[in-house]
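Pasting a structure below so you can have a look.
Which chain is which? They are A, B and C, in the order written, and residues in each are numbered from 1.
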Amino acid sequence: MNVNRHYTREFVRTFFTSPAAVDGEDDSAKMLRNAAQLRGMQAPDVWVPDNEDATAPPMRTEGVENVIEIVAEYGRDFPGEIHPRVVWHREDATTRYLGFQQILKITTSDSGAIEHVDGFVIPEVGDIDDWKKADECLTIAETEAGIEVGSLSMSVIVESGEAELALTDLREEMGKPSNNLERLFLLVDGQVDYTKDMRAMTPTGELPSWPALRHNTSRSASATGLIAVDGPYDDIRNIDGYHERMEENRAKGIVGIWSLTPGQVVAANKAPLPPTRGSWLLEVNGRQIPLEDEDDRQVYQGDELGLKETGDGRYVLRFSDDKRSLTVEELHETLQDLTSYIPSMNDIVDSTEEFETAKAAGKGAVSMTQSTTLVIDGIKVDLTKDRMWDKATYQAVQTPIFLFQYVYENRPDQHEELAEMYGTDTVERAMAVGN
Amino acid sequence: MNVNRHYTREFVRTFFTSPAAVDGEDDSAKMLRNAAQLRGMQAPDVWVPDNEDATAPPMRTEGVENVIEIVAEYGRDFPGEIHPRVVWHREDATTRYLGFQQILKITTSDSGAIEHVDGFVIPEVGDIDDWKKADECLTIAETEAGIEVGSLSMSVIVESGEAELALTDLREEMGKPSNNLERLFLLVDGQVDYTKDMRAMTPTGELPSWPALRHNTSRSASATGLIAVDGPYDDIRNIDGYHERMEENRAKGIVGIWSLTPGQVVAANKAPLPPTRGSWLLEVNGRQIPLEDEDDRQVYQGDELGLKETGDGRYVLRFSDDKRSLTVEELHETLQDLTSYIPSMNDIVDSTEEFETAKAAGKGAVSMTQSTTLVIDGIKVDLTKDRMWDKATYQAVQTPIFLFQYVYENRPDQHEELAEMYGTDTVERAMAVGN
Amino acid sequence: MNVNRHYTREFVRTFFTSPAAVDGEDDSAKMLRNAAQLRGMQAPDVWVPDNEDATAPPMRTEGVENVIEIVAEYGRDFPGEIHPRVVWHREDATTRYLGFQQILKITTSDSGAIEHVDGFVIPEVGDIDDWKKADECLTIAETEAGIEVGSLSMSVIVESGEAELALTDLREEMGKPSNNLERLFLLVDGQVDYTKDMRAMTPTGELPSWPALRHNTSRSASATGLIAVDGPYDDIRNIDGYHERMEENRAKGIVGIWSLTPGQVVAANKAPLPPTRGSWLLEVNGRQIPLEDEDDRQVYQGDELGLKETGDGRYVLRFSDDKRSLTVEELHETLQDLTSYIPSMNDIVDSTEEFETAKAAGKGAVSMTQSTTLVIDGIKVDLTKDRMWDKATYQAVQTPIFLFQYVYENRPDQHEELAEMYGTDTVERAMAVGN
């Protein structure tokens, strides 16, 4: 048997964990069975049957059996990748041995489950030497199962200071002949246990946001060709907060996030894709306020900013805390600086096509223009945003395009929803650019 | 002589420096003498007779003698640990030799002072090799003094880019047989000299807050079993600012902070302990506004948020910059998301007991509930916050409990004040949980 | 030939890139020729004839020739240093070979250009081993050119996760006999390509501000005696934004910044120098609001803070969201804490002189006082800010003085403008202190 698992994944949007065995249900595998049948935007890029924290310790033997049964039955048709999480702990050899046994059972089961398992998720890792122990368990399991060594990927949960420090050793260690760390895939932050390990405290018990951990994870992922994934966002009802977190993450280079519910999966699958409609922002007192679009005019509805004409061809622009008398030119310039535009998928595709045409004609840079009318206190101001696109701008703006193309190629089950979101024409054009 | 200094300290709240010798006083040891007699919340967890920056260079010979005299006289009864600071500099061998001489004098003095000295604080360290030089000075001093090698702890002040970089080497270096770095105890940030070393500038001359330095210090402390302590907060009169800084620190896993005055010691000893009363926060424009408790109703007093009923069973919730018409259900949900609760010590003990009872009964998670009535512009809204507690939540929330238990066990001189703060019953219950 | 290039640069304010060859102009070297003739505040500390991203690939052969011609002609009289940027890429040996050829051509040209070239800028570096390859290219070029090995400096653009990780290896690697990395000079962040390399995305396409990258660059510069420079700020018209970015940078220890236009050069040359006039700030809702100076009274013009007398000797201080009834003493104390003073160059020189006089008289600390009258809603409140200056404060506040002295010594072409800004007397006194 020689299942070909080699791939170079470029993006993972969603990392969805399901308890491997739930006590007190007729079917302890019910959650796995439900998750395995998700399709389209409800199905994650990476699905994690979770035989660690999501499953109570006494249920974990049954959990392994459930994973084997469900993956064997549904794995072939599941649209994302499948990476079970097993138990592991940097400070406890008993737990590591249990994890090894779980891996071995899944890998060597004669159910055929292993044909659909893309890799394993190892929690609670410590120093890089601890990562190597898990890697070696996988190597042994692969050998026992008769599958190619290195073909199972390994993802880790970074949930300790040690593991965060180990991130900086990765690039150097991954090439060494004495390990198979090239199998590494996801670097997932685990802020619940990280917070405990760091002994951090907040007044309300809310988790700190750990921006440095996220930066360091993203940086090491970038330096080693791996993929960074943010940890669980456990305020499940708070979709706005989940979106804010994901926006912050993307600005750090982290596209993927843990999802705890199918609702979070849908939100996280869609969030990194460009919006279907463009929109405008106005900066007021350091905050970016989204403007209401009314017949292609962008209307500011708030009280913090005020505008009035003073009769002498001048205007008074009032910030809550500050009044400025401005000529019409100064007013334009000020509002120009305070507004910004969030391009839609269609805008991005347009600009990309335009730049590519210019490049083909030997030009190194083009100017992209976006116009609108801003309305504050009934006064209309026409705005035009110009942006020079050179090769570097072009390449940076390509990240959402690459992401879209990658999703489209790897998730046929989402084609219909993508066409609904963007329209068939935009989808086709988006697939054609950048090649 | 073989003084047993081995201990595994878990928490240090306060690091209080006193000048070792003050010029122009009848008794140049006056500040030391005063500090040595502090008790209860006024006494720090770690007291640092400071023969470096707090003492003028010409006074430092006298400073060593003062430290020996005062520690010999008062050391036995001092409720915290005693860690004198000596001179040291990564770039100056003369200073290092002076520091070594200071250590030797204190260690080998026949006054008996050394029996009460728990360790030394080494400032201005550089690369890890520089830390090893200081470690070796202590090893020689221990040998000369006839006390067990490794029994004196060593704390360092991280106040240079080199030292910050060295933090990442610690875990690997501490186990090596050629050093005794296992004696390391506190990693203390020193932002004044760090700022100078980094050549940082701010318009007002205020120190930058250096969040990355604090994260890196905390992370290395976590990875090596050491304790991170934040540097001095020199705006002594600004107690609110000191509290804000400590809250920020705790969210990074740094419980301890430098204290420059007994007033700061009291504040910093109490700050990390859970509050005596619970309270509610309301998020308004991204800021957390504490609500006034009036007869168990939480009253919002500000202008930025407004609420009125519009007669049709709907409400208008006004943010300074935004009005939303909401049904009563939407209103509840919105306010639910905007409020959060800061549990008191009693609440934490209650929840912990409840979780432990549930766990003993075989349940893996319990729901904790907190209810109140929120009042905005005279309109009352009943709120209930639910939070699922699983093992991970439980463990994370245990940090304040561990801290309390640790303080209670190690600081009998604070028992009375703790009982006054929390009541004897809560103190007893807090000592009983988690075991 | 043995040009002496050894120097220990302490500060670089400006890093100005000019395209090496522009297509479609009569004189493709026009931009270089213009830049080479800049003087005074318009001339950068480091000028970078850019034969990489600013020059279209087909123009780069001509670019090398232009650099040689223009530097040979204007180099002797250029007031700053000259560091051409060549092509390089950690992942592409062809590009590295091209870069090596560019370096060789410039170094060995018989035009004499090399006498005025201070070093080279290497973009797109990766691991430290990649830095060593560039170092070796310079060593070979120096040998071929018959100039001292190590005399050409090397600056790198940090624009990948790998390069950011390499920053932590620098201090250890720079001393090794098998390389000449002691030639390193500037560590320049390159956020455009870094963003692409990290695959980061923002809604508007704006670059993330990457605070961690900037901290790590500054820290390594500090630890290795090099100079950190922030990357390009491409919103060229937004001078306020450029100033905010530079203020943030200075708080991280980064004095220098990339400049894309002579206008940015002027702004960035002046920004790190102390202001010509002192000014006051008032903290309102967490933001620092500059106060208007009217006849030495500091007038608050905003609406977010209000003050009125209530007749009973008490005052009500209103924050937008909070009212406090205060006695006159409490009012003073509160406003004292909310205000801060930005000292002018003259203030800094005064304080420094005062401290130095005190120190010479054997005093270790002096109290510096700043008084003013604050006006809120017509009510006048007299304020006095005291600050204790000890040696550490003194040394930290010396950074702007050192910077000024360094600029004055190294940039005679800016003497006239500096005298205009500060007055001859202040300039002379500023040059005299701190020695």
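By our rule, contacts are C-beta pairs under 8 Å (C-beta built on N, C-alpha and C of every residue); 3 or more make two chains touch, one makes a residue touch a chain.
The structure presented is a predicted model; accordingly, all values stated were derived computationally and were not measured.
Because subunit A and subunit C share one sequence, their contact can be compared position by position; here under half of the interface residue numbers appear on both sides. Between the two copies, subunit A and subunit B, the C-alpha superposition involves a rotation of 120 degrees in steps of 5.
Centres computed as Cα averages put subunit A at a distance of 34 Å from subunit C. Of all residues in subunit A, those touching 2 or more other chains are 168, 212, 320, listed in ascending order. For subunit B in complex with subunit C, the residues that touch the partner chain are 23, 53, 56, 127, 160-162, 164-165, 168, 192-193, 195-208, 212, 237-238, 240-241, 284, 287, 289, 301-304, 320. Against subunit B, in their complex, subunit C makes its touches with residues 168, 171, 211-212, 215-216, 218-223, 247, 250-253, 255, 272, 275, 281, 285-286, 320-323, 333, 337, 340-343, 364, 387, 390-393, 395-400, 403.
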